[in-house]
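Presented below is the structure to which this report refers.
A, B, C and D label the chains in the order they appear, each numbered from 1.
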Amino acid sequence: MASRASDSPIVTVPDARVLDVERIKADFPILSERINDKRLVYLDNAATSQKPREVINALLEYYRKMNANIHRGLHTLAERATSAYEHTRTHTADFIGGVKPEEIVFTRGTTESINLVAYTWGEQNIGEDDEILVSEMEHHANFVPWFQLAQRKGATIRKLPITVCGHLDLSDIDNLINEKTKLVAVSHMSNVFGTVNPVKDLAQRAHAAGALILTDGAQAAPHMPIDVTDLDVDFYAFSSHKMLGPTGVGVLYAREELYRDMPPFNYGGEMISQVGFDKVTFADLPYKFEGGTPNIADVIAFDAALSYLEKLGMENVHHHETEITRYALDRLSEVKGLEIQGPQDTSERGSAVSFTDKDIHPHDISTYLDYNGIAIRAGHHCAQPLMKFLGKVATARASFYIYNDRADVDALVEALIEMRRYFGV
Amino acid sequence: MMPLDEMYRDIILDHYRSPRGKKPIDAANVTAEGHNPSCGDDIKLEVEIKDNVLKDVHVDCKGCAISVASGSMLAETVKGKTFEEVSETAKVIRRMLKGEIDQPPDNIGDLGALAGVRQFPVRIKCALLAWVTLIEGLEKYAAEGREGRIVVSTEKDDEQ
Amino acid sequence: MASRASDSPIVTVPDARVLDVERIKADFPILSERINDKRLVYLDNAATSQKPREVINALLEYYRKMNANIHRGLHTLAERATSAYEHTRTHTADFIGGVKPEEIVFTRGTTESINLVAYTWGEQNIGEDDEILVSEMEHHANFVPWFQLAQRKGATIRKLPITVCGHLDLSDIDNLINEKTKLVAVSHMSNVFGTVNPVKDLAQRAHAAGALILTDGAQAAPHMPIDVTDLDVDFYAFSSHKMLGPTGVGVLYAREELYRDMPPFNYGGEMISQVGFDKVTFADLPYKFEGGTPNIADVIAFDAALSYLEKLGMENVHHHETEITRYALDRLSEVKGLEIQGPQDTSERGSAVSFTDKDIHPHDISTYLDYNGIAIRAGHHCAQPLMKFLGKVATARASFYIYNDRADVDALVEALIEMRRYFGV
Amino acid sequence: MMPLDEMYRDIILDHYRSPRGKKPIDAANVTAEGHNPSCGDDIKLEVEIKDNVLKDVHVDCKGCAISVASGSMLAETVKGKTFEEVSETAKVIRRMLKGEIDQPPDNIGDLGALAGVRQFPVRIKCALLAWVTLIEGLEKYAAEGREGRIVVSTEKDDEQ
């Protein structure tokens, strides 16, 4: 394990783009845990990331110094909590390209963010015969809400197909996005293939056809610079827990005009203006969408996660992951019997690497690796349509983040080779 | 002076206890209602505006000492002023409350007493309620450019 | 401030029912904070409670030793997290009277719990001409979802009125609950009056008329023993953050048969069985209602909150609060100019005490008290219909919990007397 | 033996590599499909049951070594047994996997090899999938008391 690092992670001096992974590792207490008496090699980052000391301390600090319900209180604690909570909103707005704070709504996660849009904008704008174009590589979070909405409304789900190389198949896109299309739902980065999709291009096509575009940024926001204005998307959703932040916090960005016209989602305290048995009116943006006591502590600690990433620099984070992914793809291709999914070119992909062994089931791979301290994921990755396309019930997936280095990849590769000996294949 | 005394100056408490502008007016052509959802403050303003000049104002505020005093001072100040002058005053007060101006400027008279509120961030919106409501009402009146009663309801939590 | 306490809070020996408040105080780090250079007297517990060291440490422990996404993972961390998360579910089921674990669904808070019922059971079961009976003392969380549902469906909201003493007015209850009634929505304890409502009686009446009853337990669950089976309610909702637990966790209890027939709420990962472009099927209870990554860390830390309360004993908690409320009502009645809301008899009420001063606005009361280190709440308490009934725009509210003692009440009363001098009234 | 070896015994790996019961049967009157939503394991069982006796079984399992081996052992074990005998075996396996029985009982033969799974809690449902599916199918068949193909789909995450 890395030695205890000084204050804050920084990039090394010689090449400003290279992360000092040794120091970063030391910022994450869990990385000194031992698993089955081995050092923890955590490669399940696409499921959730680990948290640096700064984020854990922010939680402590909140509960020790300012815990109070927000917005409603006039006392000192309530004021501290409210201002920290709203500070995170502004910070988040800056993090995704400098949008307006009131365009940021806090939810529980990407899933709730997308459901919010389906229940509000969707209920209001999707009708019979309308079409929603959903890619075949979507996580269930960006598939099932649209499938159900379409069922309720008598609308049609169209499939934006994928290729064997793990790209969107855009050959028929001019037909797929047409005058009936009301929404294009596509992920910024696939959680199975790692593919980075051409969101900006799709946004243009959607808008040209009079449709909106919702982008699932759960896998992109943690790993690369995001500018939703440049991407020109209408909705963008992501989760704190995949980007160093606490569980229980999600973000929904939407353009202000859209928010204005959308009805509220959860009704209750904080989101109203006036309430009576005869009439109810709602609060202004963004409060209209944050009914009830929000997840105050975790939103406030999410701020520390954003700061940590900014200190590293999202460009550098992206650069680091490109490097490590390149190395992983190279080394994994040496392992006999392995089939690797997704694009080979690291300029087209992020750090989630799915693979299968022709003889050994992903669950057995996962159990074997875990026995060696290596945490990966095995299963359908909440992307059953994609699995069906691949003709597989499951894959194994290793996904990398800022605290992973070549030694982690080496550990993975060596264990996979060892595994084949173990199972006698 | 301790901060609490700076907010609750005698002049504020005086306006609170006997608010000005209580007398209803007949010829109102702008009616603006403001509401502060997080505290429950309610204000109703009636304004008679003619040739761009605020002839008369009636203020009815149910709220705390700060919002009532602020509304009362508004009633005292705006009568006889033009729309532009009133807008300017509102801007100055906002900047003063946000701490962008160090000293309260001389030309706003009693209103300078509101400066002490800035040490109580959650109360700033109480001090602003009357002004936000008035300006929204006047702007809507100006934009729609017609006589008659106009009702706006402002719910902005401006200072959150 | 209390001196540093030993390990765990316990009840003193002589009278097992009396809480050792001195030791309890020492378990709450925030209570040693100084506010405007005064000791913090925290009397805003109905808004949110403070958290004991045990709960804060549970969060630390989670992020340091087991952070992982749950249910989907086969590795050691995922297994630890999953089993801790499910352990909290079982614990919660026990805490409210020993229901089945699958009858417990975790949400963000009471507000989301109630909205979940409105969006699922409500959408499916409320039709035109149906009636929903809602009490006049409800928090907006148990009012606005029903108001909006009724609007969508053309159903009718009937008002269960209240009396000047802060009770439900049951004089016309036989008319109000009738064959058209589909749901009775009532709080177990009012967050303004403190009144404990006759939920069991109302449940019987509702069931006799073929209606269901949803009880908002946000203010009751933290303060007294709860047995939802004995109460015979169909739905029961409450929030972790008001009962020593972290923000961002709520609970919905519903009878299993009801859950079975209800459609899901948030669609996405974890809540599905099979997903394809042609068909989607859903997971079993309770997972069907927990789409997406839940608030894992906070659910797990909520377990520590339940344990803390159980160590004290909910009977003892209730007893302590009855005592302190009795003392507060007595002492507040000495203050000139004060009007106190809600029942006077502590056998009919909990520890939320609302009051107004005939000369001083609640906001000014709150600011004045805060300047003296005393945190109370002032406003409409998300209960505008109740406020309208009282003919007030706001009240001040002091609400007590396990760490409050007579000295806290004395501080409040003395400050209120001082305040009247300060404002010269 | 280290825990990993206790789970992946030779006997398990043998069943995994050459699963029994692959041959389709014609006279099936119970078809039961099981699915493990969190892992993606899929199993399809076809059973010919006559006079309460399981005459023949066909197992088609797409899943991990444990679920495939468990299905394969099921195919080997249940043929010729009564409904009650099979239910009893299923119960014994469940208790063994939950650690309620210390030693695997003698009378379940190869199935005892599944005992090592109990040290891997998340894999217990893999070992149970075939059995849960079979029992649900048989119970439904018994309950509805009629001939013909019956399809059940079990999604129980029994061990969570």
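By our rule, a contact is a pair of C-beta atoms (placed from the backbone, for glycine too) under 8 Å apart; a residue touches a chain by one contact, two chains touch by 3 or more.
None of the values given here were measured: they were computed from a predicted structure.
*Asks:* Which chains are shared contacts of chain A and chain D?
*Replies:* A chain counts here if it touches both chain A and chain D, which gives C.
*Asks:* Based on the averaged CA atom positions, which chain is farthest from chain C?
*Replies:* For chain C, the chain whose C-alpha mean is farthest off is D.
*Asks:* Give the chain pair, either B-C or A-B, that is connected by more C-beta contacts.
*Replies:* The greater number of contacts lies at B-C.
*Asks:* Please work out the Cα centroid separation of chain A and chain C, and write it as a whole number of Å.
*Replies:* 32
*Asks:* Could you work out how far the Cα centre of chain B sits from that of chain D, in whole Å?
*Replies:* 76
*Asks:* Report the inter-chain centroid distance for chain A and chain B in whole angstrom, where each centroid is the mean of the CA atoms.
*Replies:* It comes to 45 Å between the two C-alpha centres.
*Asks:* Let me have the rounded angstrom distance from the C-alpha centre of chain B over to the C-alpha centre of chain C, please.
*Replies:* Each chain's C-alpha centroid was found; their separation is 37 Å.
*Asks:* If you look at chain A, which of its residues touch at least two other chains?
*Replies:* In chain A, 72-74, 78, 272, 274, 363, 367, 378-379, 384 touch at least two other chains.
*Asks:* Considering chain D alone, which of its residues make contact with at least two other chains?
*Replies:* 38-39, 123
*Asks:* Within the complex, which stretch of chain D touches chain A?
*Replies:* For chain D paired with chain A, touching residues are 3-4, 7-8, 13, 38-42, 62-66, 68, 120, 123, 126.
*Asks:* Contact residues on chain C for chain A in the complex?
*Replies:* Per the touch definition, chain C meets chain A at residues 29-30, 33, 35-36, 40, 42, 44, 47-48, 50-51, 55-56, 59-60, 63-69, 72-78, 108-112, 114-115, 118-119, 136, 139-141, 143-145, 147-148, 157, 159, 239, 241, 246-250, 265-272, 274-277, 280, 291-298, 363, 366-367, 369-370, 374-379, 382, 384-385, 388.
*Asks:* Using the touch definition up top, name the residues of chain C that touch chain D in the complex.
*Replies:* Going by the criterion above, the answer is residues 71-74, 78-79, 82-83, 86, 272-274, 281, 283-284, 287.
*Asks:* With touch defined as at the start, can you tell me which chain D residues reach chain C in the complex?
*Replies:* Per the stated touch rule, the residues are 35, 37-39, 121-123, 153, 155-157, 160.
*Asks:* Taking the touch rule as given, give the residues of chain C at its contact with chain B in the complex, in rising order.
*Replies:* Listed in rising order, the residues are 360-364, 367-368, 371, 378-380, 384, 387, 393-394, 422-424.
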